[in-house]
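In what follows, structures are represented as structure tokens.
Each of the two complexes below includes chain A, the first together with chain B, the second together with chain C.
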Partner chain A sequence: MGQRRKVGSTNTPSSQSESADASKVHSRKHNICMVSDFFYPNMGGVESHIYQLSQCLIEKGHKVMYNQSTATTCFHSLPLLRCVFVRERITVVHAHSSFSAMAHDALFHAKTLGLNTVFTDHSLFGFADVSSVLTNKLLTVSLCDTNHIVCVSYTSKENTVLRAALNPEIVSVIPNAVDPTDFTPDPSQRPPDRITIVVISRLVYRKGIDLLGGIIPELCLKHPDLHFLIGGEGPKRLVLEEVREKYQLHDRVRLLGALEHKDVRGVLVQGHIFLNTSLTEAFCMAIVEGASCGLQVVSTRVGGIPEVLPEDLITLCEPTVRSLCAGLEKVIAKQRSGSVPSPTSIHSRVKNLYTWKNVAERTEKVYDRVAGEEVLPLDRRLRRLRSHCGPVAGSLFALFAVLDFLFLLLLRWLAPDRHMDMAVDATGPNGLWKENRKNSDAGC
Partner chain B sequence: MGPDGAPSQSVPWRKVLWEWQPFPDNYVDQRFLEELRRNEGIRQYRYWAVVKEAGFVGQQLSCVAIFITLWLYMEQGLLAPETLFWTSLTCALLGYGLYQALTSQTESCSDHRTHLADSQSAALFLSFTFGFSPVLKTLTESVSTDTVYAMSALMLLAHLVSFPYAHPSPPGSLSLNAALFASVCLASRLPGALHTFAMLTCALLVFALWPCLLQRIRANAPGQFTGVCVGVCVGGVGGLGSQSLGGAVLLSLALVSVTLICPLLLVRLQRHKDNIHGPWDEAEIREDLSRFLH
Partner chain C sequence: MEDEAFSNISGKAISLDCQTHSSFCREFTVSSPKMSIGKVMVYTCSVWLLAYAVFFFTENTAVLSSAILITLTGMMLHIHFVKVDHESLLVIGSLGIQVSSSYASGREVTTFIEMSRIKDIVINEAVYLNQIIYYLCVLLKEPSEPNVVSSVVPLFQSSKPRLNCLAKVYESCQEILSKCQ
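Moving on, here comes the complex of A and B:
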């Protein structure tokens, strides 16, 4: 089941001392294992977050492992995860996304193995329906003895603290980032005789595509030179196609279908205005990408979006057709009168707001802090589970923790740690690759 | 354990990510969770209003009891199929008249169906049921009686569970189908084809037409609605009592718990409601967006 991918590693004593001399900030290097069900080649916010963060941490001299899997259940992943953790001499397990079953598994087993744990939550959840009640309980159990939690926005932090009944002081807010070199403006790509609104998102209900289906006819009737460029795929594509059919807008509304990450910039630079109609969003990287390409951003005021961009770079609207149309009209009028800042000036303001380097530095602080904390021994872990997660779920998962521990003892007896091969770090023959890397990498 | 560093009090914390702030990443401000709202837009229930609404559930339970009582009488030969059929037809005509009378007061213009169309549907149904009643009579002959009874009980239960009590007109397809399935099962155990026909006509009256009429009464004559519900409940308990005393006691217990005790619990438990809302909630689309499509 486990598909393991080594993102890369540098962790020989020599490199450690060198980079420690160079920075003097980080006293120790960590062996980090990233665990999630989401990874390349799939595309999405979580996937690119893990990938980019791992790359930057590797640059900083940490060793980063990556684990991915689907459909795991509580116990059978323990032998494999133990093998990975022991062989790679993992010190910190970093799990991503509350939707990922394997992330929860890994947190559970890592605590049994006595490793420090960090969890990053990427999404917002409600409290009202049955499915969220169940997932929130699972999250409570999973996070009650996790050392540190990372959220991508303050709203996401409030949400996670409430969902998992956490002490807010063990929750850090570290935003996502965008690679500014990937998203540069190019005004020459904009057709001069029209105003183009770009939408790039999965075409699903949560992204507010129904609202978009109301906005398109409303605005296209008023502005004959307005064009829509829509990238992304999903079940709600039908709504957009129906609207296009009914109002005969085939030449003005282009549906591009699913886009690869490398093609996104090419679409963005063709537009004047970036529109985001999401109904819920923890951070929203799309609007940062849009602004980085020099577009005027119009978005709904939901979730963490108001925290992401300064007021003069974004027009926030209520999630209704009327409010979004009003916001778009305002921006279109500004665009026509030429009173909008130039794409280059917007790019230069946005490019330093969110960088992966900054994210990696802040995440590193979390690792440093976590490495100094103790992992709860079994008896205190059981007590914590039972006091924190309610009598039923707490006792049930305390039982699971005990079983997990016994299973671990059995595994240790069958295959003792000292008999396990330690993984050789990929530094190339005589550290050759490492040298290359140093020369070629200017930074990330 | 506290935040990593002591924040300087000179700069107020802002809930923004785009600006570097002199606070550690795990800083918790005074304003943390200030946008949390509890029990927003909560409905305050009044006990008797809830009881009145629960009356619909109670009378539907009684309707099932009445139907079973009629079936028991038919099976024992105490009720002639002709009597049942003509009574049903008379009731249907009376009910239809009442329905029209209640309609004409308010939304007669929005009602597109004519009397002719209604009588056509009725004639179609009656002739088909009459023609097929010999087939329906022998439909479950190869199935054991126990299975038929168990199936009927299950289906009537499904009818009660899936019945759309909030908008019972027209009755939901699942609940109506479950009820008619149960009726066919039961009717096929009766002695003759005419019995089966009469029973199915009666089933259609009780499970398909009566909820529509009752909904109309609830909407247009709320004063009479309570009386009708009580009447049906009394009829159900009385009818079942004439056949099985234990059944009547069980039914009345069920009625009391559904119409009196459950509403009491609902009103009492409202105090413990703790619903939290905040900026993380998924926004709801309240507009009617279908106007853009159709």
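Moving on, here comes the complex of A and C:
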């Protein structure tokens, strides 16, 4: 049902001295549990965010463990989650993504268990259709007693605050990051006799693939040396294949299919222009990766995208075929005249904008703040639910909270905490592995 | 030869008996608690009361006799196939590992793993029902591919001792294994 992964780090002398200095600022190390439905092997923005953030936090001496599951509903995950939280001595539960059922479950149970909670929202939502109305209600209930919320951009913060009716003071903005060493420019990979436009995204409606289907024939007619390189997979692949068929563009539009994260750089460096056609986006990692590889970026002006890159590195367009074509034409003309900055100079500007180290430091501050706050006791939690989420949903979820608490009491009686073995830290500050690594290669 | 108080994962007391036959040969025996008379009573009574309730409405005596049969065969099957009295692990350096479990009825199941197939003995953790437990297991390898773990044999499967007990067995097993390598 679940798959767990625990990661630790060996403390080098330098990081020990660092943490000694830092201990004046934040006195204790946290045991953080990251919860999300999304994890390796399907790598996307959320997955790599969790992975990279965890790695950086481990370097800072925190203990991070990760929890993932595919199908859970309300109560039956409590025993297992409680076991994980108790065994690993978790102090902060950090849930990711509002699409993840398990993230909401874990938040709910963690509050029952009296642990501090943090939630990161990775996506934007509308307010109009039925699915977003329901998700927004769930989010309101789930977040109304969560200690702190993290959003990836200011647009996303605004969106989340409105959707979940939150106090903006407990919402922080911490952007995503890219690993600049993974995305370095290499102009020698570019074919000299043509201009290549790279698109890397999932081929779904949200990413504006229909717009792309309109742009391709129009630009290909005007510029005979223009080539498209499209990476990604999804239901909208059909649209692109139809366009390719209809205008006989087989040699100029290449569909690469699903790409692994490590192959993305190899595709990016082959292009001159990176095109993003998303219709909604909280924070676009892809355009940062594109710019980091030294490409000119053309993107739609939606969601949090205008915040991401400085104005001279990105060309923003309205999400229409005409506006995007005009934007692309302008960049193509610049590219031909050679008046664009060199890939290396773009890379050196982007590489310090978004680093995981910075993200980890800011997240750490959130944890420090949260650890000092008290978790609402049951009676106040119920009152908050009732007053915050409307009489019907509030009462319903207050009932759930009470049932969850009773279930927890039952579990504590059936299987007391003292019967659980505390997890042994293999590595990390008090790791056992250092001394007996020699006798056990794969154990403990 | 030592006896110390250990408990299994649900908090029941078990005992671990370590016998050192020679420096290369050690035997560990984990004994589970005996079947409690109270538990037997509860199960028997609940089956009989249920049968009596059915009998009260149907007035068919076959219900009562089948209830008696069910409890008797159930008890026999339980002690023959389910209830393990003690499990032992005999480690003989240079020769191999013998794992045996003896059931409450006296039935004994023994398997032997030769040294050339053993890669290592480790403590691993696993999701077991709704909890996460530590268990001791033997990693096997194929002699043709010495670096690949081909399969895993969990030890003390029915008694499920807690970590402190496992660590003790693990340490002395490693002592023997490291000597003969």
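To be clear about the criterion, the second predicted complex is superposed on the first by the 411 of 444 C-alpha atoms of A that agree within 3 Å, B and C clash if a C-alpha of one lies under 4 Å from a C-alpha of the other, contacts with A are read in each partner's own complex, and residues count from 1 in each chain.
We adopt the following convention: a contact is a pair of C-beta atoms (placed from the backbone, for glycine too) under 8 Å apart; a residue touches a chain by one contact, two chains touch by 3 or more.
Note that the structure is predicted; figures quoted are calculated from it, not measured.
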item	value
Chain B versus chain C as contact partner of A:Leu353, first or second or both or neither	first
First (chain B), second (chain C), both or neither touched by A:Ser156	first
Chain B versus chain C as contact partner of A:Leu124, first or second or both or neither	first
First, second, both or neither for A:Ile332, with chain B first and chain C second	neither
Residue contacts on chain A - larger count, chain B or chain C	B
Which superposed partner A:Pro175 touches (first chain B, second chain C, both, neither)	first
Touched partner set for A:Asp421, first chain B, second chain C, both or neither	second
Which superposed partner A:Arg87 touches (first chain B, second chain C, both, neither)	second
Touching partner for A:Pro79 - first (chain B), second (chain C), both, neither	second
First, second, both or neither for A:Val370, with chain B first and chain C second	neither
Residues of chain A contacting chain B in one complex and chain C in the other	none
Footprint of chain A on chain C - complex, ascending	7, 9-11, 120-125, 127, 130-134, 139, 149, 162-164, 170, 174, 178
Chain B-touching residues of chain A, taken from the complex the two chains share	124-128, 153-156, 158-159, 161-162, 168-175, 206, 208, 210-211, 213-214, 217-218, 239, 242-243, 246, 279-280, 283, 300, 302-304, 306-310, 319-322, 353-354, 362, 365-366, 369
Residue ranges of chain A touching chain C (in the complex, touch as defined)	1-2, 4, 79-80, 83-84, 87, 415-416, 418-421, 423-424, 439-444
Residues of chain B defined as touching chain A within the complex	1-4, 15-19, 24-26, 28, 32-33, 35-36, 275-276, 278-287, 289, 292-293
